[in-house]
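Okay, here's the structure, questions in a sec.
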Amino acid sequence: MTHKTAILGASGYTGAELVRLIATHPGLEIAALSADRKAGMEMSEVYPHLRHMDLPVLKRIEELDFSEIDICFCALPHATSQAVISTLPASVKVVDLSADFRLRNLDVYEKWYGKPHSAPELQKEAVYGLTEFYREEIRGARLVAGTGCNAAAGQFSLIPAIKAGVIDLDEIIIDMKVGVSGAGRSLKENLLQAELGENWYAYGMGGKHRHLGEFDQEFSKAAGRPVEVQFTPTLVPASRGILAASYVRGDAVEIHAALQAAYADEPFICVLPFGQVPATKHVRATNFVHIGVVQERKAGRATIYTVLDNLTKGSSGQAVQNANLMLGHEETEGLMLSPVYP
Amino acid sequence: MTHKTAILGASGYTGAELVRLIATHPGLEIAALSADRKAGMEMSEVYPHLRHMDLPVLKRIEELDFSEIDICFCALPHATSQAVISTLPASVKVVDLSADFRLRNLDVYEKWYGKPHSAPELQKEAVYGLTEFYREEIRGARLVAGTGCNAAAGQFSLIPAIKAGVIDLDEIIIDMKVGVSGAGRSLKENLLQAELGENWYAYGMGGKHRHLGEFDQEFSKAAGRPVEVQFTPTLVPASRGILAASYVRGDAVEIHAALQAAYADEPFICVLPFGQVPATKHVRATNFVHIGVVQERKAGRATIYTVLDNLTKGSSGQAVQNANLMLGHEETEGLMLSPVYP
Amino acid sequence: MTHKTAILGASGYTGAELVRLIATHPGLEIAALSADRKAGMEMSEVYPHLRHMDLPVLKRIEELDFSEIDICFCALPHATSQAVISTLPASVKVVDLSADFRLRNLDVYEKWYGKPHSAPELQKEAVYGLTEFYREEIRGARLVAGTGCNAAAGQFSLIPAIKAGVIDLDEIIIDMKVGVSGAGRSLKENLLQAELGENWYAYGMGGKHRHLGEFDQEFSKAAGRPVEVQFTPTLVPASRGILAASYVRGDAVEIHAALQAAYADEPFICVLPFGQVPATKHVRATNFVHIGVVQERKAGRATIYTVLDNLTKGSSGQAVQNANLMLGHEETEGLMLSPVYP
Amino acid sequence: MTHKTAILGASGYTGAELVRLIATHPGLEIAALSADRKAGMEMSEVYPHLRHMDLPVLKRIEELDFSEIDICFCALPHATSQAVISTLPASVKVVDLSADFRLRNLDVYEKWYGKPHSAPELQKEAVYGLTEFYREEIRGARLVAGTGCNAAAGQFSLIPAIKAGVIDLDEIIIDMKVGVSGAGRSLKENLLQAELGENWYAYGMGGKHRHLGEFDQEFSKAAGRPVEVQFTPTLVPASRGILAASYVRGDAVEIHAALQAAYADEPFICVLPFGQVPATKHVRATNFVHIGVVQERKAGRATIYTVLDNLTKGSSGQAVQNANLMLGHEETEGLMLSPVYP
């Protein structure tokens, strides 16, 4: 059975990635696309790489007819998402790719995002969208909150080790190296090719990156007590990908075993043989996650290396995976694309 | 129905690209992989990005059992291909990705490739693999010779205009800008990232590029008289893609019309609105071709811009397209993947 | 003797490049910097790579004291330059890096730049800044008009061949491949790293690129009759550099000889041995130009390949070279920096 | 006064970088160049970007006349360096860029480099070449051992904090992100552009990177007791540059103060205002080092970010800085080049 899909905010990178994935998904069909500032344009004008597809014209959200829509992907900016989703008919299932429904505690939301939440009732019902850890809740959800891309990379690295009790919860440092598309298609000087070519540097330092809100919430929940990690991303001169290095105190073999056990049946997550490390390009443009565990020369110190594609598993691929569950499709449907290499 | 496939030379980039494409092809199944120098290894050791697939171990060609193979993709080096294909059972259909069977005239072959052809009988039977121009012959062929990637880009630009008689046959200059993967996974100093980053330059200048042999053959055939174009590629700092600018004498509107007419029903070829030009990233990692025609400021001068991905439409995607025809599948089967963007 | 220098428009890439070059120039000293929208900021805030230098704070042009300034580099936007230079004291020599004073004919200026020139008297006195061809006029000039970066690359390729009468003037096609910094530090979607990475495409097609105005003027002057070339640039995924391929009708050996003769004593221009071609990285961030000439397989057809760095020899390095002449310094002073490689 | 210089191993990247720097150094002159496998070639054949220079032809080391050489830069492979330097006349001062003379303890050398040292007497006399910490010893040395590029980045980050006693010596984790030129001009598959474009991953994990030998030696010496840090580099898709993030336990303000105090008079090292972080491109192709200190959200945790160019301050620029001291030149002579940006 084919389900009708709407994508709100289709002119951003996560919107375009959703279109790419749904294009070859046998159970989903794109029935509506919105992009407020580009309403009236063809998607192929905004993204000529989608020229081969027969897609609905871009409209303003108010112009869309949701009566036959089964599922709506919201790839809207933070805060806008709350307002829009509040207006959608209850019959429409929603996967939100913004940060609006990720944080359970409204005060924490306000702390990280700087203003009160405008849809607290919706937030209560929302399910956190990291499929591998919330599979059953997602299956029955009406509203799923897609995770931050960095938040996903960190959680895949650490949740099983935290749950297994094999790492010191007070000594976790996550150093991520991320491609630039995570910042979206936004006109900022530091995102220019001339600025970023042959350039790399940390940002969001000092515990200021908003994905820390998700880490605090999910790591504490997994641990059963408050956990506050240290986390800083470094922007590298590339378009897509995240490599997370998690420096932990714990036995590397035990950590590896915990990850292997947790992910043994996961179709998208591959734990590498002990001591091997992953490369971002090995999962590029796919929903796959590769994880490696290394023993440091100091006894009791290990490092967990995790790669994923920020736009796919970190965002739009994850969203499709969740939609599959919500709609009763096979979880992997449309997502078994292999990486483009080289 | 699923056909069993062998890929010879699976450790090169075109081999890996074949695996990527066949991975999601509903009518093909990978039954055997060869890689002489890496025989005994898992494909995932050579290409960890294919780790999620259940693939046969790499073997030497002599170790393979062709009795149940329906089609064999030969991604072997030039000259090796001739020798190997000569030994394959007649029951196996073959798509060759090397240059060995592209040139109909044995003297011309020897001129460009420096030694006599060792399988002249096979060469007689081989069909030139540019699907859009040899569709019916390919459908009935046992051996199809995949084209050069640059040769494909140039022919898509020019064949319809030549056939329509709307360009001057003696004034054609093709300037291509190509990504580095066309050179394969070979250890050459100029292919190092440190050498190629922020660097671009022409190569194969002065009429020395071997794809000229294909241009001469196919353009002359299309024209019904000898045609010798001028062609030089420039290597640009990127992995995949070809942009061909063909500078011609002719009426731009007529040329655009000839291309539109020729490609009106082609599933993979898109002629852009008059005056628009394509970008390599818009067809990246796909079987699509985008073509634009521009009127120069001098009357009677036009330029045709064509983009394709050298590893997909220029090589492995083209090979799968041909295999689809040879095996009775839908021509587009497994090939409607959308580009990865950004 | 050290001359005091002002740089107007110091916050753009050509401004920053001027600072870089003057930093190690023994005869020039930076006495004033302007940047209207960033007035009040330190240069190191706008360009942290200049943090090691002791530079004047950025000011608005009206705030600058020109009484002790010997030479002023204007790196301002087109049109702004005219207005500003008109207000400078006559005692200040000026090198303008904008397009405002390049075109001798006011109608031609208006055609290419869309509005009437506001300082026609100044334009009369301006000397075209391609040093190698206007050396003596530049030496005595008060106002020198720096050339377009592409215009420079094309002229170095062709002027000697045109003057020597060894190429057909009606059959010149210039295909350039250019890095992105030529577009400046401007916030445009297509200049984002995520858009430009692994992407290349033509722009300014169909005789619409403004540097054609310079080509028409200078090639016609060199030929003694009207010459209109065909010229299109292709943007490649890199920061700096231009490779110009000039497709011409003529004897390659004669063209090579004409170039060698013309540039025999030039300190910055190197004509490669016959048949060799240059690479952009070989002149990166320097004032050097490398030129190669290739014989095509068709008799009577040749191609001239020229590389230069758009921000150095194509703009700020050229400006310093001209300033050296205007101030009585050695022409090469401060400009013999070697390329950064790799 | 001008000193005559020989560069052994001129065909590698550090050799080419030495030539670039010495080209504009007023007190050094290149009198001899060696490159065994390329003996007989012009340097401009090996590195066409040096075409504008008048350089001696490449020779085998045995062919060189050292009688008039004042200083010899050895940019030879590890182990070869020992053998060659042993044969040089005592009158020649030597800066070695290999790892051969960095480690004081012969057993430690053998542990990291896998074979016994063949020139133990020379090793005794060698001075470790991190100028800022060994300035006086270097001034009087005959043989200076240039440091590892990563080793330099780590030491600039940490030595002042260790000496000041403001960080926990047992909790130091150094995560570096490095460009590919550190691996030299060597033909390895993983260094190909097609492999490294859009790809990043850790290597030398688990305490196996040889620069740990230098860290152990120098950090322990600075601390007055054994210190073993954790260190892993990540290869990023770029040619030049190192960003070191050092995760430490200590008071960020005290650490910042210690660094500021230590480097207050250093011409090449810039400590950024508290809380700011550096970018690799801001020191590209220069001898500068930028260092930032950030307070993490957890009390008592800080991160030190340091950037330098691996080929300049990490290798050849450092070597020239040391040569300046050894020969009585101004320490900064020839090294105040500004970064190329963008």
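A, B, C and D are the chain letters, set down in written order, and residue numbers restart from 1 in every chain.
The rule is short, and it goes like this: a contact is a pair of C-beta atoms (placed from the backbone, for glycine too) under 8 Å apart; a residue touches a chain by one contact, two chains touch by 3 or more.
Nothing here was measured: the structure is a model prediction, and the numbers come from that model.
Two chain pairs, A-B and B-C, are weighed by contacting C-beta pairs, with B-C ahead.
The geometric centre of subunit B is 39 Å away from that of subunit C, both derived from CA atoms. The distance from the centre of subunit A to the centre of subunit C, each centre being the mean of the chain's C-alpha atoms, comes to 45 Å.
Separation between the centroids of subunit A and subunit B, computed from CA atoms only, is 36 Å.
Contact with two or more other chains is made by residues 13, 179, 181, 194-195, 197-198, 237-240, 278-279, 281, 284, 342 of subunit A.
A complete topology is adopted by the chain contact network, contact being made between every pair of chains.
The part of subunit C that touches subunit B in the complex is made up of residues 173, 175, 177, 179, 194-195, 197-203, 205-208, 212, 228, 230, 232, 234, 236-241, 243, 245, 247, 275, 277-281, 284, 294-298, 301, 303, 305, 307, 342.
On the side of subunit D, the complex with subunit C involves touching residues 13, 16, 19-20, 23-24, 47-53, 181, 185, 197-198, 239-240, 268, 270, 278-279, 281-285, 288, 290, 336-342.
Residues of subunit D touching subunit B in their complex: 13, 179-181, 185, 187-189, 191-198, 237-239.
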